[in-house]
Amino acid sequence: MRSIVPDYLAELMQECSDVTGGAPADYIPELARVDRALFGIALTTADGRTYTSGDADTLFTIQSISKAFVYAMAIRDRGLPEVLERIDVEPSGEAFNELSLERNSKRPLNPMINAGALTAHSLVGAPNDPPERWVELILEGLSEFAGRELDVDQRVFASEMQHAHRNLAIAHMLRSYDMLTADPEAVVGGYTRQCAVRVTTRDLSVMAATLANGGTNPITGRQVVTPEVVQQTLSVMLTCGMYDSAGDWITTVGIPAKSGVGGGILGALPGQFGVATFSPPLDEHGNSVRGVAAFERLSHEMGMHLMTVPPLTRSVIRRHRRIALRSGTPAYLYELQGPLRFSSVEQAIRLVEESPPQEHTVVVDLQNMTSIDATARRMLLELLRRIGLDGHEVWLIDGETVVAGAAPSGVRLADDVMQVAG
Amino acid sequence: MRSIVPDYLAELMQECSDVTGGAPADYIPELARVDRALFGIALTTADGRTYTSGDADTLFTIQSISKAFVYAMAIRDRGLPEVLERIDVEPSGEAFNELSLERNSKRPLNPMINAGALTAHSLVGAPNDPPERWVELILEGLSEFAGRELDVDQRVFASEMQHAHRNLAIAHMLRSYDMLTADPEAVVGGYTRQCAVRVTTRDLSVMAATLANGGTNPITGRQVVTPEVVQQTLSVMLTCGMYDSAGDWITTVGIPAKSGVGGGILGALPGQFGVATFSPPLDEHGNSVRGVAAFERLSHEMGMHLMTVPPLTRSVIRRHRRIALRSGTPAYLYELQGPLRFSSVEQAIRLVEESPPQEHTVVVDLQNMTSIDATARRMLLELLRRIGLDGHEVWLIDGETVVAGAAPSGVRLADDVMQVAG
Amino acid sequence: MRSIVPDYLAELMQECSDVTGGAPADYIPELARVDRALFGIALTTADGRTYTSGDADTLFTIQSISKAFVYAMAIRDRGLPEVLERIDVEPSGEAFNELSLERNSKRPLNPMINAGALTAHSLVGAPNDPPERWVELILEGLSEFAGRELDVDQRVFASEMQHAHRNLAIAHMLRSYDMLTADPEAVVGGYTRQCAVRVTTRDLSVMAATLANGGTNPITGRQVVTPEVVQQTLSVMLTCGMYDSAGDWITTVGIPAKSGVGGGILGALPGQFGVATFSPPLDEHGNSVRGVAAFERLSHEMGMHLMTVPPLTRSVIRRHRRIALRSGTPAYLYELQGPLRFSSVEQAIRLVEESPPQEHTVVVDLQNMTSIDATARRMLLELLRRIGLDGHEVWLIDGETVVAGAAPSGVRLADDVMQVAG
Amino acid sequence: MRSIVPDYLAELMQECSDVTGGAPADYIPELARVDRALFGIALTTADGRTYTSGDADTLFTIQSISKAFVYAMAIRDRGLPEVLERIDVEPSGEAFNELSLERNSKRPLNPMINAGALTAHSLVGAPNDPPERWVELILEGLSEFAGRELDVDQRVFASEMQHAHRNLAIAHMLRSYDMLTADPEAVVGGYTRQCAVRVTTRDLSVMAATLANGGTNPITGRQVVTPEVVQQTLSVMLTCGMYDSAGDWITTVGIPAKSGVGGGILGALPGQFGVATFSPPLDEHGNSVRGVAAFERLSHEMGMHLMTVPPLTRSVIRRHRRIALRSGTPAYLYELQGPLRFSSVEQAIRLVEESPPQEHTVVVDLQNMTSIDATARRMLLELLRRIGLDGHEVWLIDGETVVAGAAPSGVRLADDVMQVAG
């Protein structure tokens, strides 16, 4: 059978091939030299399968995309409170290389503008780590997100250092406000290395998938950051990732993303997948023109938009009916299905409340449950407890013991409804 | 059995009861007079069940919360392109009563600041409708969102008209830029009526649930706006709903919401539920202090945050195994479960690709599917088609004919695996 | 003899006649209709002689030029402290119709932008005067500055009221901050009348000359405002009079001035003269194109620039020498000449200190003095006193008794050196 | 005789001694260490006499006061057009260490904020001069303004270099916009040296007097810059010299001035004198608290304000009368007095026009003239020419041959009216 997803990606690229315009970043000779016809796309699922199309294995520099991951590392190493003291999370509505400091606190407005990214760079590792250590840790961290060892493009690095006056200006300004405590030149040097890390579109899709998978690289299985760090990082990407058009991106694409002047864009859909594109020509905001077009199509065609209301949700209660136990004793069976979260467990609770079981014995079957979150688990346990309090004998069928371990006393376990019922 | 959800809401209110501080809006005498101890919470599920706690049936004025719904009505009546020409979607980082017009186009930055809300007010209905008609249509529309007939608090309206200089300033300024084409005084009068519409916390939760349900009021069953309008509205609420702290709200609460100086806040979690709080004391941004605290707890405890990666997602493939048809013919069965979207169908496709069925007959069972979106449906149909192209005979079990209607020729339908299998 | 000054003005107009470009104000139909070829210039000396050239007697509306004079009237009526509480004196760098309020106090930044001018309008007269009274007082005041009874162009007034949304916006905003305490609509109505007052270029030159003459109309001889009010008004005109290019105007022209969109500009050189131009086409700042060119030439050619260092200043001491009184007694004579101010009297003091008179009798002759200010007068009296203290007999020749009235005891007066000397 | 001016300065200091508050600059340890009780004042007349009071000979660092003089040197060396291309002349309304670049051109808004001062520093000398040369030239130039050889305070220089991050930020930013073309670190190093030049209050008063004297040091007699450079420099000082309160300074003090965080302030009154104060405690704008108080008093008491209308100006025509020449021939004599500029010569012209001389011979006596500017000279020559054209014989008495050299043919010269008259 011909594979479906690669066909879809190839089709998407085809649709975007007539999107022209834009120009590769030209402020650095080494970036301006890139082949503007290159175009690649890659998608990695939250469980680690990667699909690609086009030039997905061409190396290019990660540039500003690194900002999202280094922000995550800074939170990992220093904790969210310390990072928030130095970098705010508000969209700036300004170009990426503006100062954009808060009027009073002088904090950079967010970690996706250069001022915030330089600060985040200096917050990786332990407080007294020397600047060389930051670069090491960042290279290690980015490599863990990507699942392979990345390296620095020395020519791009050298070329960018020739044009680093803006970043030096920003770093000295931050230093003057004590937002940076390290040597501004060292920070800019390290940050420029961070931006010159070489990746492929495939790498970016894995990095995005690691975010989509709650911080654990779905290919290596290694946890790079915690889910809490991921939640913070994705939230900031959502409002600040695409430079100075936060609202435009949220309304038209609606997923957390980050772009770089190297031509890459990556986006992550929590719990589902990471996706990345690569095409050098940039629009006036510094975002890849074809990349933006591809993301708009992906969002529209694949219902990726976070604000899309999922259609046709079936009842959480797959079936509920009177059964007889093997012993002949009558019992009442509830089969729950699909993802259990507040709203679905609430439906189950409501059913039990509205039509209380008449039988002494109640069987709750979780075999068709596909997921459950903390709130749903707590509510479900509470439901079992209250059914017990009403005088019923409760049987729980929960093969993977998701709920069973914490089941209220009195709740009996079974492997299958067949065991209890006839 | 004692109901669980009301207990949860009561507990939440209890936890927030020690949150004090703030002061009711005092720029209008009629608002300043409200009892600051009032506190209510309400939650309405996307399928229409409402739970409440505290003063959830006390009437208060909707104020700025109306902005989100009137923006939705403007898009409904004039279409998104026309509305975007007049109102942008960018967060402003400024207080709600600032001008916040785009430097060049002079468009209000978003529909949640007063400049945008006044403009949206004037875009409801047909281009030549008189101002009185806008108010009628808005009252009707808000009533449809709430599922009951709402009315205007005439005393608050009269009191606010005494202090409408800021809004008159904004409206005249918009008129001078031809952003407004109507009489500024009429627009301000109508808008002030819109803000003085009386609601309860319960009403707000139903209004939010209507958004969470894709634009259809889950209680009346009536479609108020389309899913596309809802997507746009929720996107804008996400970045602009909580005044001048977009990033703060997105990182800590992470759901689209809107607050009003009357003390109300509502939030909507797409596909799940709407929730609303009411407590008059406001913080310096104009958001209800206890309301914000309640939403932060709700988000944290109930995993409502949009960037939360759902834990423990079970495989979309509930089971796949060799079976025998009634006729004795061997067949291969795939049982899909849970919500089908790109990422889950992709898993199914991958399984079929990686372990192609050896049997001539293939049975796909959708009975445990809980939802499916457009992309997943298209991919699933393509999967069935390609299995057929590989020479297999394909049976589809799809009781609700979600997919069946468009099934490729050659695919046979069955009601239950029992019908085809033994 | 053919008159020299009119020739000079005609020559200046001739030089500016090739300055083209610009367009008459077009936001108001009535203003757009004016003949763009009109060009007039007028100069009135601080002692009341007027010279004109070109269309100096054509009527047009005063527009923003009125702001300077109404600001002066507000200070006259309410005192500087109260006016400063409501209107600051800082250049705004923004176009005249921007809000430009101070971030904290919400005061308009200066009285030459519309926000400040609307506020100044409402500060004319007594605190409880009704709005109609403001307009009366302003018409009276402008007429006194011009030395003839001015009236309102009712067609321009009516036309501008149709396009007063910007000013209504500003007035309502000021009202919302309690900067205005009157009805915003009444203020805008009155202000629009103020702007529609009809003047000729000749009138404007007299109004400017009244400022140049310390607040006394040099033709009618009537004091309209005090010198203190003039100093404040001219200071503000210097930095804020020419809209958003304060520094440009000060460096290239260097005199206090004010322009209006009706095509007029006036400037005042303290102690010397007022000058005015009229030519309707405006540049992008709203200043008359030919008017600006004429002022630049005037400043350059006539050394009007305030920062021009006056060349070739002769010594304040015209002569000093030994003489003999009629009685034969030897005496020492000091003849002071020119304008006496700190620096010139200081020279005289220095001379007396460095070469103290040997003679018992000292004669100080002020007949060649052309002016004296308060400091110089005080210093001169002190000099006389100290010469007396050193044991000399002092004679003062001061026909106009400028100094004599306050002369220290012991100082004798004479009408002419001939009376005392031989 | 006890000297009057020092008494006045001492009295002024006494009056300001109860002005307390403020704190010495504390961002640099070396500056914070200064004795806050120091207080000095100095005044140097435009012809070179210096008066002092208090600690006028204490050395301190010139700091930002250098900006005005280095701006003058940049214009001297590169010409005004090139300097204007790099540095605008608009007041910024922002603190001295803000970026304050023009939105479009990225030019610093004026030469008195650090961005403009750094740029001006790099424009001294020839285009290819090395940075070391700038510092040499600036030290030479400042010394010429002061009339003695100045040097750098090496401890303050070293201390400031430790805290130069803000200036490094600004310099790198300017470099990134190509406003600076030199190495940012070299510019900041040189600029910091420039600011650490040591001066006394006396020195500053001489530097100011050099400006007041049209660019020629009145003590050394050496022309440091031209009158055109002075006019530009004083104009910019007037609006931008006192940091972020341009309008406040112009209305209350009204003379061009410049302050430095070392505690110095200097001001220059064109044609009259330069004055300087020194007192370390600074207000929140960075201006010396006592210095500002002293300048306000000086301005008020000495009528220094540029907008003060000079009182009691006597007629330019000292006398005009019929006389008889030695030969017995009747003649008409005009004696002109005081400073001749447009407005005074215009009076003379008017008199001649209004009462044309009946006598064939006309005598014009300039012996009482105290100054004359270019326009007045041109007008006077034209007057003489026209009297001649009317058929008169014209005698001119002009001992210093100010006008005589260019007198129209036919005009005869005499040394004294006594020579021609009887």
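For clarity, chains are labelled A, B, C and D in written order, and residue numbers in each chain start from 1.
As a convention for this text, a residue touches a chain if its C-beta (ideal position, glycine included) is under 8 Å from a C-beta of that chain, and two chains touch if they have at least 3 such contacts.
For each chain, UniProt lists the protein as follows: A, B, C, D = Glutaminase.
It should be emphasised that the depicted structure is a prediction, and the values quoted were computed from it without experimental measurement.
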Mutual neighbours - chains that touch subunit A and subunit D alike: none
Most widely separated chain from subunit A, with each centre as the mean of CA atoms: C
Inter-chain centre distance, subunit C versus subunit D - centres from mean C-alpha coordinates, in Å: 22
Separation of mean Cα positions, subunit D and subunit B [Å, integer]: 67
Residues of subunit C whose C-beta touches two or more other chains: none
Contact pairs between chains, per stated definition: A-B, A-D, B-C, C-D
Residues of subunit B defined as touching subunit A within the complex: 1-5, 8, 45-47, 49, 88-91, 93, 110, 212-214, 227, 230-232, 234-236, 238-240, 245-248, 250-251, 254, 256, 269-273, 301-316, 318, 337-339, 341-343, 346-347, 349-350, 352-353, 356, 368-375, 379, 382-383, 386-387, 389-390, 400, 402
Sites on subunit D touched by subunit A in the complex: 99, 163, 165-166, 168-173, 175-176, 184
